[in-house]
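Both complexes shown next keep chain A, but they swap its partner, so chain B is in the first and chain C is in the second.
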Partner chain A sequence: MTDQGETISTNWFSQLAHPGFFMRWSAYLIWPLALISAVLFAVGLWFALFHSPADYQMGETVRIMYVHVPNAWLSQFCYGIMAVSAVGTLVWRHPMADVSMKAAAPLGAAFTAMALVSGALWGRPTWGTFWEWDGRMTSTLILFLIYLGLIALWRTFEDQLRAAKVVAVLTLVGAVNIPIIKFSVDWWNTLHQPSTFFRADGPKAPASIITPLLTMTLAFTVLFLLLHVLRMRTEVTKRKADRLEHLKIARQQKAS
Partner chain B sequence: MIDLGPHATYIIAAYSFVFIVTVGLIAVTVSNVTRQARRLERLEAERKSGA
Partner chain C sequence: MQALWALLIRDLKSASRAGGSLTTLIAFYLSLGVILPIAIGPDKPLLASLGPALIWTGVLLSSLLGLDRIFVADHDDGSLTAFRHTRLGLSAISFVKLIVHWLTTALPLIVLTPVMGVLFSIDLDTLFAVMLTLLLGTPAITALSLVAAALSVSLKRGAVIAPILVMPLAIPAVIFGVGAAKPVLGAGQAETALLFLSAMSLVFVAFAPFAAALALRVSQE
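Coming up: the complex of A and B.
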């Protein structure tokens, strides 16, 4: 890259790192994301509940897949976002990277909880049990506990910049669990079926099942993006308000 | 309403749980947006007025 190219790239990167700039461009995303998500949910639920056939083996319980798989996907996708943000915090000290990490953790915990509960409710009629300590389920439960641990860690530190470094390191350590979740069904004997959707050789299911699954996955993903942007904006606002609050207390102490 | 068969309870329970958590997540997020925006507005007004 030329010197000029590097300067343009660095300027663009520093501009993105500015919370004020983030607040400006992200404001334009909120309503389009909300609208797209609402439309996708309406279409996806119509397909999932009224316009898709029962499975020849699982019967009507296949419909649980349309809420289970999107949440299971987001439980890992959200962690991926946090791991990339953790790199941003540790390597570039990007001001918005730790905001992104902090905003994503509760969302990841919620999506993982939904994946675990919907999976258990799908498992009972399909396998005859709500829970089995197999590779996929256990590693997903560990992911949920990692999310809770990271949320607790953010709350432990008053200095959020110091917290960001500790959380970033632990987020990257916890990232080792993501490939374990993904490949657990291939590495170990498990009750959980192998992936039918996210496969290198393409989805292994008929279009009547792929269509609602894909639509619901997109709906949940767009909702995640919307909530992530909103939570990041809230965190930026909160930090600004915290600074003003500290200044106010300092002024009052000086005056008294 | 479609016939969900003999395992309707599990299907309804799964959709209900996901619905409640999703709506809760949206409600908490929107409430935090509003709360922090009002807090910032109040603190900025106080700073301008010198309170």
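Coming up: the complex of A and C.
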């Protein structure tokens, strides 16, 4: 599967579609991504824990924000990746697009869960409650449910190539729906709770908060990219192994 | 057009003759109407204030119950394969399926809603408001059910997975549906909710047949 030497196409887009070619170039990405992510985390955590001020209202708990905000950003970024991959699967029938879509779904669910949990842990000391039916929190929870639905749909199919196209349709239906959900939840929230919470990540935040926040967001994003590439490589290898297994069974049946 | 009418009438006939499914639907909906007050307690003012929300939840859950019926019979007997090669196109056929599913699932639930109104002891004005919002909002739920049924048609466990896919996406319909039926709101808010609910139903009904056709096509190849 790795020797595609003489049949190599000149078109870079179709080259990108070749799983063997992907396995070759993505191998060079892993260590640089891991290194960049580790450095960014080290710098970001150092800034976040020692070189940013404690909030005059929230005290030291404000530092949870440096974990919470990047995860909340990734919960949406990951859905964006999945939606783009879904278009790739349906329109160009790109074989790596569905691998990317499948690899991203559990990551998205995990980052969304981390955003929810870190939000709850932050909410307890500052608002006095783990959960508030606030607009953003509610729509993040619904996004988590959508991720779970997508993962469940992946798992009910035996044929992963057919699953990819079906999941792609649902991913796009979800992508159209997410803004509607966001808007309706905001409307519902203003109806029930006219009070607005403070916005810690507003534009008025000083540089001492912005620097660690941006560094941590970048660190988490690079971590996501690393995990995404790793999961894609695992998926390609798994499909190869499955194919070999099928071949082995077929050969045994032929022999007997 | 004639072929679509024939399909509509065929599906309605087979739905009425298959037996059991309508009874199951009614029994499930009414069971919710009994279980919820028993769980909450016989506190009439509380039940009345929760009424619209409980009825909407009941309709959502009940309509998900028979969701797999939309395409499964046609898939099993091979009609779906035949539909793929007709001149009508899968989108038009999916649209007929949407109408049939709404007529056989959502409409009976709306007709039964006055009984739920009595069980939850809600007043007449609220009851009419709830029935109106159900009439305007259930097409959106049926449209989402259509897409989910198309996605899961070839799966053995389709009946289990499809409701999980619909529920998060149906949340806006529930929000605006219950919001428009709440008696405490000012007239302006209720009207906004009603307009959004209708807009959502129109958009979903317009797009769902195409999404369902796409899902049917890719899940069969």
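Everything below uses one rule, namely that the second predicted complex is superposed on the first by the 218 of 256 C-alpha atoms of A that agree within 3 Å, B and C clash if a C-alpha of one lies under 4 Å from a C-alpha of the other, contacts with A are read in each partner's own complex, and residues count from 1 in each chain.
Simple rule for what comes next: a contact is a pair of C-beta atoms (placed from the backbone, for glycine too) under 8 Å apart; a residue touches a chain by one contact, two chains touch by 3 or more.
What you are looking at is a predicted structure, and each value in this text was computed from that prediction instead of being measured.
Enquirer: Looking at A:102 after the superposition, I want to know if it touches chain B, chain C, both of them or none. Which is it: first, second, both, neither?
Expert: Neither partner.
Enquirer: Between chain B (first) and chain C (second), which, if any, makes contact with A:187: first, second, both or neither?
Expert: A:187 sits against chain C, while chain B stays out of touch.
Enquirer: Under the stated touch criterion, which partner chain does A:230 make contact with: chain B (first), chain C (second), both, or neither?
Expert: first
Enquirer: Does the superposition put A:68 against chain B (first), chain C (second), both, or neither?
Expert: After superposing on A, A:68 lies in contact with chain B but is clear of chain C.
Enquirer: Across the complex, what residues on chain B touch chain A?
Expert: Residues 2-8, 10-11, 13-15, 17-18, 21-22, 25-26, 29-30, 32-33, 36-37, 39-40, 43-44, 46-47.
Enquirer: If we count contacts the way the header does, which residues on chain C are in touch with chain A in the complex?
Expert: Residue list for chain C touching chain A: 147, 151-152, 154-155, 157-158, 161, 164-165, 167-169, 171-172, 175-176, 179, 185, 189, 192-193, 196, 200, 207, 211, 214-215, 218-219, 221.
Enquirer: Given the complex with chain C, which residues does chain A contribute to the contact?
Expert: Residues 90, 142, 145-146, 148-149, 152-153, 156-157, 162, 165-166, 168-170, 172-174, 176-177, 180-181, 183-185, 187-188, 191 of chain A touch chain C in their complex.
Enquirer: In their complex, what parts of chain A are in touch with chain B?
Expert: Interface residues on chain A, with respect to chain B: 49-50, 54, 59-61, 63-64, 67-68, 71, 107, 110, 113-114, 117-118, 121-122, 124-125, 223, 227, 230-231, 233-234, 237-238, 240-241, 244-245, 247-248.
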